[in-house]
Each structure stands twice: as structure tokens, then as C-alpha cells.
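Here the chain labels run A, B, C, D and E in written order, and each chain numbers its own residues starting at 1.
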Amino acid sequence: MSNMTASERHAAERRERTKMVPLPSDSIVPERDVNERPVLECRHLGIEFGGLKAVDDFNFTVGKTEIAGLIGPNGAGKTTVFNLLTKVYNPTHGMVMLDGQDTAGMDIAAASRAGVARTFQNIRLFSSLSVEDNVKIGLHNQIKEHTAPAVFRLPSYWKAEKQMHERALELLDFFDMGVYANHVAGSLPYGAQRRLEIVRALATNPKLLLLDEPAAGMNPSETAELMDNIRRIRDEFHIAVMLIEHDMDLVMGICEGIAVLNFGKIIAKGTPEQIQSNPQVIEAYLGKQDEEA
Amino acid sequence: MGFLTNLINGLSLGSVYAIIALGYTMVYGIAKMLNFAHGDIIMVGGYVCFCAVNYLGLPTGVGVLLSIVACTVLGIVIERLAYKPLRNAPSLDVLITAIGVSYFLQNAALLIWGSDTKSFPSVVNLPSVSLFDGQLVVSAITIVTVIAGVVVMVGLTMFTGKTRMGKAMRACSEDRGAATLMGINVNSTISLTFAIGSGLAAVAGVLMCSAYPTLIPTTGSLPGIKAFTAAVIGGIGSIPGAFVGGLVLGVIEIFAKAYVGTQLADAIVFGVLIVVLLVKPSGLLGKTVREKV
Amino acid sequence: MSILHVEDLNVYYGSIHAVKGISFDVEEGEIVTLIGANGAGKSTTLNTVAGLLKPREGKVEFEGESLLGIPPHKIVSRGMALCPEGRRVFLQMSVRDNLEMGAFTRTNSAEVADSLEMVFERFPRLKEREGQSAGTLSGGEQQMLAMGRALMSKPRLLMLDEPSMGLAPILVQEIFNIIKALHDAGTTVLLVEQNARMALSIADRAYVLETGKVSMSGNAADLANDERVKQAYLGG
Amino acid sequence: MAETTTTAAAPRRMSKRLQSNLITYGIVVAFFVIMTALDAAGILTNSLAGQLVPICAYVCMAVSLNLVVGISGELSLGHAGFMSVGAFSGVVAFSVMGGIVGNGLLAYVLALIIAALIAAVAGFVIGIPVMRLRGDYLAIVTLAFGEIIKNILNNLYVGLDANGLHFSLTDAKSLGMQGGSLLINGPQGAAGITKMSTFAIGIVLVLVTVTVVLNLVNSRTGRAIMSVRDNRIAAESVGINVTKYRMIAFVVAAALAGAAGCFYAMGYSSIVPKKFDFNTSILVLVFVVLGGMGNVRGSIISAAVLTVLPEMLRAISDWRMLIYAVVLILVMIVSNNPTLHQFFEALKAKFRRPVKVGRAEKGGEADE
Amino acid sequence: GNSGSSSAGSSTTFKLGNIGPLTGAAAIYGNATKNGAQLAVDEINAAGGSIQFEHNCQDDEHDPEKSVNAYNNLKDWGLQVLVGPTTTNPCVAVSAETNSDNVFELTPSASSNDVIGGQEDADGNVTTARKDNVFQMCFTDPNQGTASAQYLAKKQLGTKIAVIYNNSDAYSAGVYKKFEAEAANQGLQIVSTSTFTDDNATDFSVQLNDAKNNGADLVFLPIYYTPAALILTQANGMGYAPDFFGCDGMDGILTVEGFDTKLAEGLMLLTPFVATATDEKTSAFTKAYKDAYGDEPIQFAADAYDCVYVVKELLEKTGCTPDMSASDICDKLKAAIVDGYTYSGLTGENMSWKDTGEVSKEPKGMVIKDGVYQPLD
């Protein structure tokens, strides 16, 4: 794969693009997921900030192994949707079903345990800790180790530590980041920090991975590598990915179902092809593309 | 009548706290540091005025002016020598430096003025106001302190909200680097903040020592802490908040002493702080700043 | 004489040598862009020119006068503005106050009011959010604010550090249109961009930075057609 | 390729951490051995000998406060409050236990444990409101609690007679005792304490404290605590119960401070609540910051050095506190001076293997 | 710090240690005891008798921990007899140390029961066991309390009495408790009792209001002079003018700089010593003290001065020599002091000591008139 150019890769991906099938709830999911329970279902989701309807009547479904995209102009409410899904904010309307489970009443940590993990628009690492520790913290709810045995260094402590160490390195190696294991997270190059955030999120063993502008600040070749990684995550971890991105090469390249937000409302839903040719989306978001997309 | 007397006493104490708290809030709001030496500048203000009047035989008014000038200069010098080198240091290092400065001022005062108590002559030599056939005596110093508190509060609010320099201060308080890029001289702005804060400390020192005429090298520490508490009750960083917090604290302290007992007064005062913060985590008039994710 | 002349610039973060002898010139009225991978030293260079960082060696001259040793706030009043990476808007101040801070060095209030009008015209979204505190703006809105704020000082040389980062495609175009318009109005622009394709399309000249050094430079159009540049920065 | 590097790195890192911890324990033990040897040789001055107990107490205080301030990242200005809870409950516990198991070492150890437990309970109760706050607001509330504890202890009267313990919050008279002894006499504190604390016990207490803190830090719990410090929202988003882990740090630190308080109190014949006021909290905070945030070894050294320093400066009496203040300010300025910092970094880099990838490490792990 | 000491330690001089608050809020007391003791030492050394002293005074900042440090420091120096510490809380801590080291300790001014130990307080509780090496030159607090009540009753000084005392101070609380008990015996009417603490010693408006509203015509202040000066000023500010009555802690009030001494007119206090007394001893001492230190001596200077002479006489009497260990000296002195020994000095005639450690001497009532102390009788 690595000796393919970026555009060759995109072309390959488009060729093998899955067929999207409509659901009764006016959403679409990949054909392969149609008989599975969707990992995410938002119904009439909405939130207001002092009168401002930041997200309004948001209905969206993500299939079990779908890569979904959320796009829209700046300030449209995309990040706010992520904050609603991860319970940073509590919705003022509607509901969020995570793998069939209603998230009402959960807090951020509970949402994580229920299977949603995320990265942040502004990188949020545990920057004074080592890369390995960052991943181990991601494993917090996966490998249990209690306080008392740790303080007294009982055998159960050593066993858990060994397990965590191995799992953390496994995850890091998946992203070729093993070499960084002992580095302080805050000192990593920007791109590596973004990747580490993804590794950490994956460590929580999520069913749905939310990526908020993962390609921001990356140049095209770095972006292409990121696209590969996102696909690999979907394929090897068998989870769904939902991402926010302004880089249309990336969005159109890997997303299967896309929703477009404007002023908190969905103005279009569909496959990349449908979205790209939607006049409303072009008007509000894409602009006239004078170059090839 | 007992109630009224206590209320008046409370307002008197409260307005002293308020003026100190205004200086605290000012420095905290702009320089983002807990200036634990603030209380000790009050003490220096008291001593300078004391010396001017008692040793140099100057008129009280001149003594007060001299004290304001001396404290302003002292504030600038301290900022330049001790705090400026720590502009980019972790906030706890700055806190420890402030504590160092506080020790320094106390012990320097000890060497210069000795440890024995000085009885401070009131700077307000007006007759007290006697109401209800002398049942209620309001001393002139109380009236002057309350008025001074209001004047300072209004003045500071106008200054930071309306003037160019005031806005520059707010910009520095948020992001010094960005403020520099706007063409703001961050160093002189912060110096100005300390100058104003220290000048206020001098006013507070003179008024406090007039109302509670005792002067030792540690005179400023406890009122400093109480005033800081007042600033937090009012919402630290908020100028009207500092004033309100000061008054509230003073009245509660006197009422607690009068109706519960002198022993538990401090516990009650600090208890009120805790209750206020639990109900309103950013103080009575403070703004809740939510971190956007 | 070039408006900005940088020669043999060396900048360190502690023991990290981030910029290793960069030299470049910006002529009056030009758009010059610096492109390069993450960590190449682009932001470091801009910050050093703006006076935020002290170089260990090298020359920085603005309109023929050395800027070394001059504090950043004075550099601003000489007519240079930097719209920094990561926006750095004043989160607790209103949109309007942020813009007013941008005009801190200007004293003629009528002219400032004109500039404010101009900014609101270019970024109608900011006009809508005039009284909202900047901290609650979306990322893109903050980016517009940062750029508007830099424009408020009416600089002769405007330095932009990744102005298109995190912006919707339509806004990216808008930002580049604004840069072009500024250029047409006579403002000199020094632009740092990840979006090399766009940057090269509007710039007159470009410098490619690699690990703290200038690896290529020349006419923007020529560089855009250079195979190596295409391969590394334009996504093939 | 990556495989080989990481597997090689793992044991090396473990041993690096272990090595660092061993040095820390080593320093404590070496200090004990040297002092004991000096004492045996009769070279140890009374002045220093008399300070060994408070040194151990302050070291425990600093290490435990470091758990809150350095490792959990919360500024606590009321740590002395827990010390005083431990001090007074320990003194009472010792008197009670003395009656049951005899006035020996056993009663003393039980008293230490009870003191730690009661301080832990105090920490938990105080933690409930405190943990709802953050940053400087949390700091001021801990300060407030420190003062409230002092204020309450100033009003606490405890007596022991044949009928058991008597408590009062008004005065000694209302204890209604028959004979017996007054253990805590309000603001006048406890007098007539049996001086049980020795240097050797102090060293054991220091070792226990250091072990608890270091072991905690290098565990899942410790990492969770540090993750909350570094980025609360990110920590929540990976499923960490933020309040729980902040609370664990707070309560463990309170318990350790309680034990230190009991140890301190039983090194003096009398103890007053005023001793454990805001100034003592600040004193301990100074130890922590000077020793380095999250750096346990640094806390130990700075607590010991700064406790002895004012005594060493006794000869210049009037100037000594002034000099202490200047030292404090200078240390802060010098350690934050970029030029000097660079110099030390370069020096350190010389002694270290070159780092393989990317940038040099900055900061450092909070695990020594 | 260390006060001037004579030539380096030799076996011909006794090492006399002294501890007091030389800095901090109680510094006046510490400096007074330091100076008083130094004066006595200088006189004794100049007289060139068989007993010669080397004097070393250490600061304790009125803090028990620091006081113990100061004591250990003195031990390193070779301390043989201790005069001090000056104030109660530090003295309680240090006396426990001297007790286990068996070092003779005579405190000029630390007056609480716990200093000497083994005493029941007003409620009949004992907190510390008797420390048999420790003696006081001053009255114990209970004695002051009792004496004050008796004195007020005898002289019929007040009908309605208010008390303001420092609840965080063992000395003040100790005096108050016995005063209260004795007042009941004497039929005195206490109409208002209020307290303050060291942390809360700047505003007395509430306490004074309480006294005023309850119609008190005499306010008893068993406290240190510093807050007392403040109370007098604040009372004046609110137009409240009762009589004030204090104990030994009140001594020093006239030295407060900036204090309007007119406010202290009529203030009464119990003290064993006044600088203005005309007897030969006092005037000689006052003159020497003024020459050396520039101020008028307060009672604690006199107490310390007496302490040094008592130590000297006892050393002479028991035939101790400077090469003896502190413990051996202690054994001799503590036996000798209770063995019919009497001393007449600045602070009393024919003072003697019980084996409880207490001194027996007569308190004197003083009143401030025309800015000076005058005997009340």
C-alpha cells in the first residue's frame, strides 16, 4: 500500500466502496451492517445555549462498522454533536442510543464505558506522562487493578501491570508508535500526538470512535496516511468511526454515509456522491469547486 | 439597637475587607496570581503613615499620601524584582515567590520597626455621628471607609471596563503573548496593575489601622487572608464582587461573634465561603467560565 | 529595498535547534508563502520575526531597520501584524472587544471604526456574534476573529500562520479571497500554510522549509509544478 | 523494527523507575544510618538531634502533600489541618489505648493508625465539598477547612476518667469529669503528652509514607490520578471517574498527614491547635514546590533542609527569617531562569543516553 | 540571638541559658527578660565574686517547637542552668525537656500551672505531672485570678464586672478561670464574659458592646498589654469609659508606641514591680536598666533580674562549681530552693518556694496616674 500515491489509493477505495442501503428511519447504513444493530442512533437530538439552538432535531444512524462523516460550516454544531454523544453536554431534546443503549443519565465516563471514545478538536493528551502511560490510562476500564494490591505490591498488581504493558505496546505498534513508548506525550511531534489520541481512544475498546478534525494541520501526504489508518481501524477492530473534517479529500475518500449540518440542522444526508452534488451543500459549505475535488 | 450597632460594626469591618479585596482581585484578575504579599503591603502602608505622622510630624493627609506613594513604588519594585522573572513560570512557583515576598516584608518590617506593637493614630479626626440619643454611635472612620470602598469600586470598574489601559489589562490577563501581538506592553501593563493594587493596599492599610489601631509586622496577614476569602465569595476577578464579598464577610464575622460566640467566628466565616462556593462555584458575582471542548 | 529581510536566522528552544539558518526576503506588495511539513520551523520563524522569540543568531530587518532587541509590542506599532497559530483570541472578551484590541496601537477612532466596518463586511458571521464572548465561538469563527483582529491594526506587513486551519472549504476560499483582496489593496503578506496547493496558487514567491532549513525557493507557480513539491506537499 | 525497540525499552524503563525509587529509599536509610552513627559517636549536636523528629514529621507531610499538589494537581492550602486532626486524635487514642494495652509501643502504633484513620475520615468528609471545586477555588476552600479545623479544635475539650472519654465543645467544666485527666484543653491544646516518638520510628514512618505514595503513583490508580491532573476532560472521556480518583489522592494524603501529625505531637510534651495553622500548611507547600512537583525525593530533601535551615541560621538571629525569605525567592527565580535552565538541561543531557526519536524530553515523569 | 556573653566557655564560669520571644508579637516580654537577666549577669560578673556567669539568650518567637530548638541549641553550648522561657506555651514544652534532662529551670514569667505541673486547674483536672526541677519567679495564673477577685472585692472597685480574656492563651484562660471561681466566693457580679483568640485580636467591638450593653462599670482584662491597648482605644472610640483592671500581662502598656497614654489613665493592674517605686533597689535597677537599654524596665525585666540572683545565691549556698554537670547542679539547686531559702529582690520581700514550684510573694495593686504607675493603696 505504501508505494501507492494518495490519489491511487483514493481511487482504489472508491472502486470498492460499499453499497449504502436506506433504513426505515430515513438513514442509510452500509449493506454489510444492515442486519446488525446500528452502533449509534440519534433521534431528534438537540441542545440550546441560552436560546441559541446549537443542534436541532438531529437524526442520524451509524452502522456497526461504518465510517461516517459529519461536515458543515464552522460553527454549525458538529463538535457540539460529539459533545452530546460523549455526554460532555446533556441534550435539551431527543435521545442518543449507543449500541441499543439509551445514554440518558450517563456522565462522560459512563458514556465511555458504554462504548464511545473520541479525540478532540484541540489535542488533549496527558502531556506530562509517557506515551505508554497515556495508552495505559486508556485501558483503565479494560484491565482492572485495585488500589490496595497496588500499594502493597501484591501479585495481582504485577499481573495486571504486565497485561497493561503488553496491550499498550500492541496498540502502539498498530500505529507504528512503539518507538515513542517512553517519550513524554507532550514532546511528540504534532502528527504523532494526533495519532496517540486515537490510540488512547482505541484502548478504551470502543464500539464507536469519534474523531474531531483528525487531519487538521496535516499536509496532504500525512492526510493520506491518516486515511489508511482510519480504514485499518475499522477493518481490524470491527468498529464504527464517525469523523468531523473539513478536508474534503479525506471525507469524500473514506466516509460511507455523510451528514451535513448547517446552523445546527441537518441539511443533507447521503453518500459522498450525493453530498458532493447537493446544491444546498455546495451553497452553504463546499463552495464552487474550481479544482478537482 | 444591638442589632444596628452590630450591623454598623460589620459594615465597618466589611468595608476594610472590601478595599483589601479590591486590590487582591485586581492583581489576581490581571496577573493571574494569588499575591500573598498583598496583606503585607498593607502593613507597610500602615507603618509608613505611622512614621510620617509620629516621627516626622507631618500632617495626616501628607502621611496618607506618602504611604500611597511608598506602597505604589514598593509594589512596582517587588513586581520587577521578584515576579517579573517568573512571567513564564508555573503558577505555584509564583505563589511560593509571593509567600517569600510576604516573609521578606514581615521580617524586614521587624528589623526596621521592631516587633513591639504600635498604636496607630486615626487618620480621620472627625467627630463620630451619634444617633438615637447616643444609643448608636457611628464613628467617622467607619463612614470614611465605606465611602472610600464605594469610590474605589466604582473607579476600578470604570477603569478596567472603559479605558484603553483597562482593556489592555484584561487582554494581558487572558493571553500575554496575544496581547503583545496587539501592541500592548505587557510588562508595563502588569506593573501598572501592581502599582494600582499596592496603592489601594496603602489606602486599605491606613483605613484599617485607623479603625483597628494596632500595628505589628504581621498586621496584614490575617486581614489579607480574610480579604482574599471575601474576594472569592464575591467571585474572584470581579470588582463589584470583591466589594460585595468584603461587606458580606465583615457583617457575617461581626454577627457570628455577637450571636454565636467569638470562638467560632472564623469557622462560621469560612463556612459561609464554602457554602457560597458550593451553591455558586464562581462566587456571588463571578462569571462561570465553561471550558469549551 | 525589501520590506522584510531575514538572514541566517537560528532559533533554539532550550537545546532544540528549531530554525537552522533560514534566510528570506519579502518585497513590498508581495505575497510570500512558507510551506513545509509539521515541525519544519514555520511558526518558529514567524514568531521570531514578530519578536516573540529571540533568535540566537541572525538578522531580521523590517523596512531596513533591525528588529532585534525590539520588544514585540513596539514591532506592532511599526506596521507589522501576526495572526498567530492556534488563533489566540481573548476568550473571555466579546468579539467586538477582541477586534478593538487589535486596533490598540491606533489612536484615530474614526479610522478604527472604518476598519471595524471593513472587518464586519468581510466576516459577516462576526457581526452576528458581536457581543458573544469569543470563548464560545466555534473553531472557524475564532479563526475569522483572529484574522479580523490582525487586520484591525492596519498593518503594512501581515503575517498569517495557517489561517485556513480548521475552516470549512467555503471559508478557506473566502480566506484566500481576502488575502488576495488585501494584496490588491497593497498589503504585503507573509503566509504560512499547510494547504500548500492554495497557498502556492495565490503567492508570488514561496520558500519550502524542511527541518529548520530552506530546502527550495522560487516563483510560486514554478514550485507548484515541481515534482518534489508535488510529491511531498500537494498530495501527489 | 519497532518491535525490537519497544521490547528492549520495556525492561529498561522498569528498571529505571525502580532504580529511581531505590535511590529515594536509599537516601532515607542513609540519613538514618549517618545520624545514628553520629549520635553514637557523640558528634551529633543536641540541636540537630532535637530536630530529627520534626524533620521526619515534615518529610511525611511534604511527601503526602505532594500526592495532592504534585501528583493530583490540586492546590491544597489546608494540609496542616489534617496534621492537627491526627495530632489530637493520636494523643487521645494513645491515652485510651494506654489504658487497655499499656503505655508501650503497641499503644503508640495503634494511636498512629487511629490518627491516620480519623484524618482519613476528615479528609473524606471535607473532600465531598472540596472535590466539587477546582483550581484556585479549591485552594481557598482547603484553606478555609484548615482554619475551620483549627477553630473547632480550639473549642474542643476532651477528658479521660474512670468512666471513659468525655467531650465538650464549650469548656472543660462541662466535661463533668470525676478526677481523671484533661487530654485536650481547648485552645491550650494537649499538655503532658508522653513523648513516644523517636527518630527510628520517624524513619519507619517516612519509609511507609514514601512507599505508599510511590507505589500508588506507579499503578492504575496513580495513573488515573495523574491523568485527571493533566487533562480532566480527556480523563473523563476515557472512562475515568474523576471525582473518585481526586478523592483517593486527597484521602490518602490526609491519612498520611494524620499519622505524621500524631508522630509530631508525641514528640513534644505539649501541643496547641494554633501550631497547625495556615502558616504550617504554607510551610509544607513550600517544601513541596521547592522539592519539585510530583518529585517525592525532592520533597524529602527540601523538607529536611528547610526545617534545619532556620536553625542553622540561628547565629544571625534577626536576619535569619529575612535570609530564609530571600533564599525562597532566589530559588524560584533561579530555577525558572531560562538561561540557567538551559545550562542544567545541557548538563543533564551529557549524562544521559541520547534520545532516539524526535524531540528531547521535557518535563519528566512524576514517578520518582 | 545570643546576647553578649563574656569570655569563651571556661570552667570558671557557669553557663546560664535564657529563652524568650525576641521577635514576634510577644517580643517585648522576651527582650525585657533578656535585658533584665543580662543586667544581673553583668553586675555579678563585675563584682567578681566566686560565681561568674556566661549568659546566652535564644529566641523562640513564642512558639513551642522553636523554643525546644532553642533549648537544644543551648545544650550544645553547654547550658548548666536555665532562666526561662518567658511565656507559658513555650515554657510548657521546654520544661518537659529540662525535666527529662534534669536541668534546673527557673522561669521569670511563665505563669501557667502546666509550667510546673502537678496542679489541679479550676475544674479539678490535672494535665501534667509535677516537674520537680521547674520553679517560677512569677505568680501562677490561678493565684493572679484569685488575688484579682479578692482585691476587687476588698477595694469595692466595681459593682458590675465584665471580663474579656484570650481563650487561646493558657495564661489568660488560667487567670480567668480562678477569677471567676473566686468572684463567686466574694460575691462579685460578673455581667459579661467574652473571649477572643490570637487570630482574632484586632477587633473588640463586639466584646465591648456586650460589656457596655450589660452595664459593666469595670472591665477585667487578664490579657497581654497589646490587645489591651487596642481595647482601651476602641472603648474610647465608642464612648465607653468603665474602669479597667489587669494582671501582669498588662505591664508594658505604657510603652506601646503611638498609644495615647491618656486612655490608660486610671487603669489598674496587679504587678509585683513598678519602675517608679522609690525604694533603693528599684531605683538603682531602673537607672541601670535605663542607662543600658534606654527604656523603663517592666516587671518581667525585674523578674529575670531576680531569677539570676536567686540562681547565684543558690549556687553559692550549695557550693556548686562550674565544672559540675547540669544534672548535678540541678539536684543540688532543687533541693536547696525549697529548703527554707528566702530571697528579697525587686519583685518581693522574703520570697520563698514551695515544692510545687510556686513562689510565694505579695501581689501589689498599681494604678496608672498622670502617665506613671502608682501604688493603689
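Basically, a contact is a pair of C-beta atoms (placed from the backbone, for glycine too) under 8 Å apart; a residue touches a chain by one contact, two chains touch by 3 or more.
Since we're looking at a predicted model, the values are computed, not measured.
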Every chain in contact with both subunit C and subunit E is listed here as B, D
Chain by chain, through touching neighbours only, how many steps does the shortest route from subunit B to subunit E take? 1
Busiest interface, counting C-beta pairs, is A-D
Rounded Å distance, subunit B centre to subunit C centre (Cα mean): 43
When the C-alpha atoms of subunit C and subunit D are each averaged to a single point, how far apart are the two points in Å? 50
In whole angstrom, how far does the Cα centroid of subunit D sit from the Cα centroid of subunit E? 37
Two or more partner chains touched - positions in subunit B: 110, 263, 266, 293
Junction residues of subunit C - those touching two or more other chains: 136
Expected list for subunit D, residues touching two or more other chains, is 154, 233, 318, 321, 338, 359-360, 362
Tell me, which parts of subunit D touch subunit B in their complex? 69, 75, 129, 132-133, 136-137, 139-141, 143-145, 147-148, 151-152, 154-155, 233, 278, 282, 285-286, 289-290, 293, 318-319, 321-322, 324-326, 328-329, 332-333, 335-338
Over in the complex, which subunit A residues touch subunit C? Could you list them? 5-7, 49, 71-76, 79, 121, 189-191, 213, 216-224, 246, 248-249, 284-287, 289, 291
Residues of subunit E touching subunit B in the complex: 22-25, 27-28, 167, 194-197, 199-200, 202-203, 205-207, 209-210, 213, 226-227, 229-230, 233-234, 237-239, 255-260
So in the complex, the part of subunit E that touches subunit D is made up of which residues? 1-2, 22-23, 58-59, 63-65, 68-73, 75-76, 89, 92-93, 95-97, 100, 114, 117, 121-129, 167-170, 173, 197-199
Of all residues in subunit D, which touch subunit A in the complex? 2-3, 5-7, 9-10, 13, 211-212, 215-216, 218-224, 226-227, 230-231, 233-242, 248, 355-366
